[in-house]
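Contents: one structure, followed by commentary.
Labels run A, B, C and D following the written order; every chain starts at residue 1.
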Amino acid sequence: MCRFLAYLGEPIFLTDVVCAPAHSLVHQSMHADEGKTPTNGDGFGLGWYGEREEPGLYREIRPAWSDENLRSLCAQVRSRLFFAHVRASTGTSTTRANCHPFGLGRHMFMHNGQVGDYQRIKRRIEEMIPDHLYDHRQGTGDTEAIFLAALAEGLEADSIGAMARTLGRIQALMDQAGTRQPLRFAAAHSDGGTMTCYRWSSDANPPSLYWRQSGANVLVVSEPVDERHAGWQPIARNHALIARPGEAVMVVPFEIA
Amino acid sequence: MCRFLAYLGEPIFLTDVVCAPAHSLVHQSMHADEGKTPTNGDGFGLGWYGEREEPGLYREIRPAWSDENLRSLCAQVRSRLFFAHVRASTGTSTTRANCHPFGLGRHMFMHNGQVGDYQRIKRRIEEMIPDHLYDHRQGTGDTEAIFLAALAEGLEADSIGAMARTLGRIQALMDQAGTRQPLRFAAAHSDGGTMTCYRWSSDANPPSLYWRQSGANVLVVSEPVDERHAGWQPIARNHALIARPGEAVMVVPFEIA
Amino acid sequence: MCRFLAYLGEPIFLTDVVCAPAHSLVHQSMHADEGKTPTNGDGFGLGWYGEREEPGLYREIRPAWSDENLRSLCAQVRSRLFFAHVRASTGTSTTRANCHPFGLGRHMFMHNGQVGDYQRIKRRIEEMIPDHLYDHRQGTGDTEAIFLAALAEGLEADSIGAMARTLGRIQALMDQAGTRQPLRFAAAHSDGGTMTCYRWSSDANPPSLYWRQSGANVLVVSEPVDERHAGWQPIARNHALIARPGEAVMVVPFEIA
Amino acid sequence: MCRFLAYLGEPIFLTDVVCAPAHSLVHQSMHADEGKTPTNGDGFGLGWYGEREEPGLYREIRPAWSDENLRSLCAQVRSRLFFAHVRASTGTSTTRANCHPFGLGRHMFMHNGQVGDYQRIKRRIEEMIPDHLYDHRQGTGDTEAIFLAALAEGLEADSIGAMARTLGRIQALMDQAGTRQPLRFAAAHSDGGTMTCYRWSSDANPPSLYWRQSGANVLVVSEPVDERHAGWQPIARNHALIARPGEAVMVVPFEIA
């Protein structure tokens, strides 16, 4: 299990949500409340959109809580759309290439969850990735594989439908492999314009995911960053949130196809 | 606060106490029970005596729980006298040079505790280190400074007396600086022959320190590594344990000079 | 291109060949003479057989020239059979999981060379790895894939034949992909008993590989470690060297199948 | 010896001089032409002024040539005043805390050169740092010590005079210690407004330092980044360059006091 946050709105300094609040994401790297473990110390990452079409990425294998570069970067960078993630590995190596968010072109993706018996079906999931996208695989984890598979399913044009089909195919692979473990999925995708956050689980226990709106600013988090102050609402199980600048936030049903 | 262990006895694989037990030191890197925090993820280190007079050292900034090299090394290396340490920084940088144990010639030293208001008297402590030893300072932390100062006080010939004088001088510096914070000190020193472990505190709360003897084997730990099985006894506050091959373990009063 | 060495013989300290000589492997990490580039600073690794069936592994992403742990480990560890490798990446990430040597069970493998257009046929090479071995893939590079594919071809029982078949299949994949780039291969494998070193190239320019025997000790190197002193001889192109304790070294023709 | 660059002018993406040119600073990390060694692989750093008074800092121990974060950051960050540095250690540890540039409040400083027999007078140099600044020392190298000592000498108000006095005192310490080695100094300081670059040597061989002006943009480099194209001129030995937005660049004599 990992912890993450995703922001879309007026440009703000990343530190305002990543480092500064009482229960900031950096605080959650050592003291998460709602994850499987309090410690999320197996690397971290930032992704943010600035002046370029492609997002900036800073991913590192140290724990977030002691990374001076992370603090400095969050103090300097102001962005209208960014992701941050602290990682608790479920087995894959602690390498930068396995840290979230993952980027490809103008797309970026991060994830918290589990693919039941991933090791047994890893190969089948990778087969969902066409050659031209497989060339971009740099790590070995499930999230990057899901991201590349979803791009192949049309994530660019239809972030809800493509992800539903991708998870549907993964669930089918899990069924074929006879796993009894669940597929649990909290994730965020952006193309630099739209931010889509997903919460889905094959059982009754999806990873936690909350959101809050303040004016035009939308923040989605694994755990509230400021100790349950008013305004946080859970994204319901098997729903997705879609946010675009200047439009009303939509929370829509999200079922796998 | 940190967690450590020190072993003297029949040569054993390091993994037998560092990695394998239910509450091994590696387990304590994420789930310590008796330290200030459960997480000791700011680097770690091993020091062991083999065929050479100087100990081997492996120190790394990653958390111990995910370090493949640590696991492999502990599975391969067999030693009659070794130290292992997982670090929870109290402010100094997470660099290899600040990880324990520290080595100089045939000596090695590690520590868990606090020097009240260290930042304010850091410089005064460093002044206790003569030039020829100051050249060996590679980090910036309190432990390395205490180690070098104690060597100057005669640690080589008198591990108890030299450390008592060193702590006495540090306490005096703290008094001069007017700090109200305590000096707390659990530590281990070896010259490759004798192993000396100290437990001292200026207040009633010294860091935890236990020991157990099995035949000729002596193990000293911040926390029992196997869940309170029989045989562990605390080293009493303001006492030191001295172990030498083929001799009875001594636990003696240890007061600062 | 990378640089490596492999040793079989009387137990010696690793430092005797890895660190101490004038043109030691650590020296080659910054000043290689015969590789494509003088710098091999994209990580390094050690693998050695000790008391256990499985080798010890120490792999790290820093350059070898500044790694204190490497120096200390090489000074302490004495082994009858060990590999050491300094890496110059040809594109894959600098992660521990991509550093050589690779280990699986009692086997270990390292490599210097190139698979022409690897990115284009990476996937086809990975398909050569059966599921039960694919589970052990932790990195993303060509060497680990070749190692796992060769294990599937029977490396355990027949280190020459299995590697010949593996390279034959890879060459066929390259041909199918229409690449004009060569397949060049200098490598070493061991199961803890036998050491096999290969030198092969589809063109006239295989990576450099030398060997020297001193009594019962055999050392195979990408570059002589002591500045061309007497005794080094190249392993001829498309040949392999086989060394076993107490037996005469054999250099045999090695052609892909 | 190290390599660096410093820029003041219209806001540009860092990549335009750090990564993109044929002989960019990243290229110099492996292939420097005018330094003592071609390899500057012992860490690197960026410092840039953005919307805050304090500069952003990104310092890392990996070689610059393989750091994905560096490339991404340089592609995203646009700045009117920034420093970049690739490090070749002359003995101190490869830690982030020893990487340039160093920052304190709104000041930032980096350096390429040598203090003859630094180890022998390290302590004397540190004594030049008053307590309130010594608290900020996080590393162990000469550059950070010079920076803090220069701040104590009044770097904030008089970047030329304070540095002249600081070097004068260091030269005196070297003389007292009887060293025959030179003091060589190429460095850059900024407070976020002015950029001051120094070139000085006690012998005839100061570290290389060039500058070029294009309109309002001033670039100072250890080595020209674009292969000797027109416009680069050396800063003469024992001179300093002072650049401020909207003012003519000044190159003035710089002698130690």
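The rule is short, and it goes like this: a contact is a pair of C-beta atoms (placed from the backbone, for glycine too) under 8 Å apart; a residue touches a chain by one contact, two chains touch by 3 or more.
Not measured: the values here are computed from a predicted model.
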item: With chain C removed from consideration, the chain sets that still hold together; value: one piece
item: Chain pair among C-D, A-C or B-C whose interface repeats that of B-D, sharing over half of the contact pairs by residue number; value: A-C
item: Numbering shared by both copies at the chain B-chain A contact, with half separating same from different; value: same
item: Result of counting contacting C-beta pairs for A-D and A-C, higher pair; value: A-D
item: Whole-Å gap between the CA centroids of chain A and chain D; value: 39
item: Residue list for chain C, restricted to those that touch at least two other chains; value: 68, 93, 96
item: Residue ranges of chain C touching chain D (in the complex, touch as defined); value: 30, 37-39, 41-42, 61-63, 65-66, 68, 89, 93-94
item: Residue ranges of chain A touching chain D (in the complex, touch as defined); value: 48, 50-52, 54, 56-60, 68-69, 72-73, 75-78, 96
item: Chain C residues within the chain A interface of the complex; value: 92-93, 95-97, 119, 122-123, 131, 134-135, 137-140
